[in-house]
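Both of the next two complexes hold chain A, though its partner changes from chain B to chain C.
Coming up: the complex of A and B.
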């Protein structure tokens, strides 16, 4: 097994919501629950520990900007980091190093170098991978938005070669945060790595997630991935198309002002190469131009505007739908709807 | 630059009826961040230090106070994060990674310090460029974040961003990278972290940014993506990152910059968004938060201010939507 066991991955310049930066910020906002969370076991120190007496901790090199500031580390974290630097410098891979990395991860799971060294150690010692997964489970549940943990997990499951137990674990994670981007990405990876596209349980599970919250865009995205997106551009069969259209219609009837299923429906039609007019009468259930006071979905109006625009001699209806959007049902995007109106007259000129 | 949040909260002070941007307060807030080393959070966020410096420095430039941080100390710190392989770590002693390397290049560009960097490190730019180029997967065209190989469209964007600023784009296979970005396009018009992953505004920014740098915006379904992006605006004026999620000031940047690159910024209500961003300020101690009532931090501070700059808020320096840097800086580096 190679060092490929791990990678680090990190925070981000770019994507706060799915990076552990978030965790830190949340923690800080909650009045820094960090302390209460981890001081339950008393602080652990190494300087008076027999097992570590041969190691001289390496002090922090702060890079010269404000070297004296290093004293501000809390003692426990600072000391543990000193021992980590020392074992890294001497390339020590041992049981006690595993314990040390676990300790530091419990204090600061976002420190990517620690994960890296833990993976190296596991690899060098030839530790059973299943044990590592068992150790990871509670850690992952504690740190929902941490990148490192997911990556660590993915590499280990890949090496193990079996997704057994993973579906249950993912469900457990999603109970805590049903739109967690890492968890859904990981689920996609499982589907692809172990070819679960035609696994009926996977589709049923996705359905149960949508049933639980019909507005969960991540669940809709996963469904699309299963049915179409992950299948290398193959168009869905007539049967699948019909099933998906009916399923989505039902979901829209539960909550008509819900972007996700409308987007999904349009996606299915496009993949099956069907015109939008296929669902014209369905859309009219939610937005009838004859009853402009009773529009139940701006998304239906939007779709109808497209359908009318494609019909012969029905630009007027399209314009009416777009006007309703710009003035009554979605005025915050008035400029967008007016732009769409402009396209109507352009196509008239072109015709 | 410390990422310690607070001490202030947004929108809880006496916000004047006529909303305004508290420029001087924000400048002092950013300057104060590195004086908080007696707090544990300062050290727990060490693995983001170089990113934080880029965020703070960029905010100061946009606010019109480019000299508010000590230039030489920044360069000293930056060089202390450099590894022999040409990559930068988040702080001294942290492993080299794409994200910090990009921040380092952006800082050098903003400070107009490539010359000094070369004096300190022989063939510095070439070395950094090689570190980045070596992270490209020659088969798929995408980029890893570090030698351990996690792949994400953020890293691809970061690579093109930094290389173009140094004039070294020819070190990588841009056409292959473009192909990879294109494979991440979703049925709703947006982009995710990898093919099939859910559309997310942050990821849209990185993909549209990469395609813009590569001159391949023709590959984007601009109407559909523009519509999806404009749907991110909520009734209170703020923007969210995905359907049915809460608004957050940082999406003022990810969503708006993407719309600006597509020439569709006017599709959202700029006035309402301006008001929302201004409500996220701490009017007393400075800084911006993700939404009113929350703790401020430097991350939301820069993206809030950059968002206001895109909205042409008076008195701010113009920001480049592709790079999230002052437009004057990118003009100097790119010659256009």
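Coming up: the complex of A and C.
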């Protein structure tokens, strides 16, 4: 049972890799015995460990009633957690605590309590942060969709004060999962923390990610963050605007039904305070109301509807574009396109 | 320039032949790792229902073909291949409703969720920090299915009394540090279970202090002390403040006070505003990619801050947001994805589907396609063994069961914001979410029968209305902490 099989994506919305675990572990629950296919070391215990004999573990107290969704913890996990509660209660920060947290994380990488206590221990002990990152790397590669690991990494790199090696690590992670939300968010944090906005390599790397898959919206988002989004509302220069428009047009020509670059183009125009009509002739390459049978992009029609709506006395064309979308080129969103039509007459009334 | 060619979209009759011969489809299902444990039988000739489904699917396809293949398009094509048989026919052999779509398998889902509340073997240690979620998903799913969950009331209260931290808030379980997500799931579970003793088990005073420690100078909230700051935090904190009727002033020991803030809502709307991305959606934190689940958190947060018509229009570019939300509905699948160019997933039935009630309260109604969403949930998201799932080929889990059902509820009911209701409740202090009501069922072009209709769900808190109003009433009547 491979933990790399992490797929079920929404697990990360709230806490960690729950859903994929559920998938895997349901099998266990339905009758498989827990003879793990992990190549696991033999269980580790503390009660007969000389190094821990001064600590009295705090066992889990379930009170008088059986809790809901209770886990019948293994003795190993249960005992380790008992020792963790004990050291947390006495505020112990030590080498042996680091070992204990590593042990628990190996059994439950989604345990935020353990990660937080580990971060605190490292900080209290003044441990070399580089060592922590080296320890973290294989763990992160194993548990791609885990909030805790990424936050822990961010805490350590922030304290370390250097992004050295991080770009390479992020790229390696994205090779395994090119749209991983945590990884991209972490990359945005790196750019901001270490002011990499004008770092040419960062833009080139983003471009290579878009080249690899022009439909990767995460890569487009990162590009926007570099060029505009992270720059505290500063409008792009004329030169940058021109460069971005040309770049995006090329991308659209590769696959015109790809919404990411269309949205990006509109975003650039908005940031540069240019009207959408700036790209009217480009949009008509993909959708022309005069040739309603030859539409190559529903997104071009969508954009044209906006452009016509902004023109004097051209509501009719805007309606025509929206009708084409509602009835023929994107009928699942018919209600939305009709709502947009409604807005046209509203703005007419307002005018 | 390579001009993409418009496809000669596959004509319905050809697809019909595939169905009639049956063979291709069965191979597709059995040789993939997807759904390999399920056995499907040759269904023979296409039934009238199947023919109608196939005709419908052809109608809602975007008739534009692209030659360029990338990782995104390949994954999408492969996924659609696995999903289509469920939208066209009935591989699960469920009983069909009068629209030719699988009926809601109510009993199976109830059994599935009851089981989710039961014990787990030691191999489940990895969900030790997520137990509050499992309980919330299961209880909420059960109430959506019309079950009386009062038998779980005492055990719910007991379970969370163990997870409540002495310094305030709830953790994942006994001895775990307090966390906003756990506090959110715990409080919603307790409110759903109901009963004065249950409400009384929540230590509001320490919760208030805990929330004070989470508040950040920029307006947002961290999930836990030393943890990440993102829009989940902003939403979860607002839910807790509102549902538990906590004071909006920051406690004196709140670090945000040192930065000049005085209330929980200071800078909050502006912070959410910064999370709206360039394409109109809402992201986890400023600068990140727009994402369906974070969109719900952002809209939920603003809908607690004030009347949606005011707060949503004040802090968000609504036309851009609506454009993005609308684009999340996948075609021909009908379900939602969470991000541009990602795959359909049943959980977004709620995360995006559930946003519509909030947005429609700020704009106008009738913007989205409820029938298509209902079709996806009933036809593709129900697991033969009970529970609901991401998509065919995936196993069901409590998470997807809860949020598919919530999405189905959003499609079936009309949730309306009405200033005139619940006079005397929520008059001060984040009272906006107590102005919601269900105003009948959506009845045009539906894909479901009366027996497929799930319960009413409060569109902001995502628990039953009764639970919301009784819980707030209890805490309004309480003097002091």
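To be clear about the criterion, the second predicted complex is superposed on the first by the 298 of 351 C-alpha atoms of A that agree within 3 Å, B and C clash if a C-alpha of one lies under 4 Å from a C-alpha of the other, contacts with A are read in each partner's own complex, and residues count from 1 in each chain.
Following the convention adopted for this analysis, a contact is a pair of C-beta atoms (placed from the backbone, for glycine too) under 8 Å apart; a residue touches a chain by one contact, two chains touch by 3 or more.
Owing to the predicted nature of the structure, the values given are computational and were not obtained by experimental measurement.
By the document's definition of touching, both partners, chain B and chain C, reach A:225.
When both complexes are overlaid on chain A, the residue A:274 reaches neither chain B nor chain C. Judged by the touch definition given at the top, the superposed model places A:339 against both chain B and chain C. In the superposition on chain A, contact is made by A:77 with both chain B and chain C.
In the overlay built on the shared chain, the residue A:257 is in contact with chain C alone; chain B does not reach it.
In the superposition on chain A, contact of A:235 is made with neither chain B nor chain C. Looking at the shared chain after the overlay, A:328 reaches chain C, while chain B stays out of its contact range. Annotation for chain A, partner touching more residues between chain B and chain C: C.
Contacts of A:125 after superposition on the shared chain: neither chain B nor chain C is touched. In the superposition on the C-alpha atoms of chain A, the part of chain A touched by chain B in one complex and by chain C in the other spans residues 8-11, 13-18, 21, 25, 28-29, 34, 60-66, 69, 72-74, 77, 85, 107-108, 110-113, 116, 151, 179, 181, 184-185, 188, 215-218, 221, 224-225, 228-230, 258-260, 263-264, 267, 270-271, 332-336, 339. Chain A contributes residues 3-4, 6-18, 21, 24-25, 28-29, 32, 34, 60-66, 69, 72-74, 77-78, 85, 107-108, 110-113, 116, 151, 179, 181, 184-185, 188, 215-218, 221-222, 224-225, 228-230, 258-260, 263-264, 266-267, 270-271, 332-336, 339 to its touches with chain B in the complex.
Of all residues in chain A, those touching chain C in their complex are 8-11, 13-19, 21-23, 25-26, 28-29, 34, 36, 58, 60-74, 77, 81, 84-85, 88, 107-113, 116-117, 119-120, 147, 151, 154-155, 178-179, 181, 184-185, 188, 192, 212-218, 221, 224-225, 228-230, 253-260, 263-264, 267, 270-271, 285, 293-298, 328-336, 339, 342-343. The part of chain C that touches chain A in the complex is made up of residues 1-4, 6, 59-60, 62-64, 66, 68, 70-73, 116-131, 133-135, 138, 152, 154-156, 158-159, 161-162, 171-177, 179, 181-182, 185, 223-228, 232, 277-280, 284-291, 293-294, 319, 322-323, 326-327, 329, 331-332, 334, 338-342, 345, 347-348, 351, 364, 366-369, 372, 390, 394-395, 397-400. Contacts from chain B toward chain A in the complex involve residues 3-6, 34, 37-48, 51, 54-55, 73, 76-77, 80-81, 90-95, 97, 99, 102-103, 144-150, 152, 154, 157-158, 186-188, 192-200, 202-203, 205-206, 226-228, 230-231, 233, 235, 237, 241-245, 248, 250, 254, 264, 266-269, 272, 290, 294-295, 297, 299.
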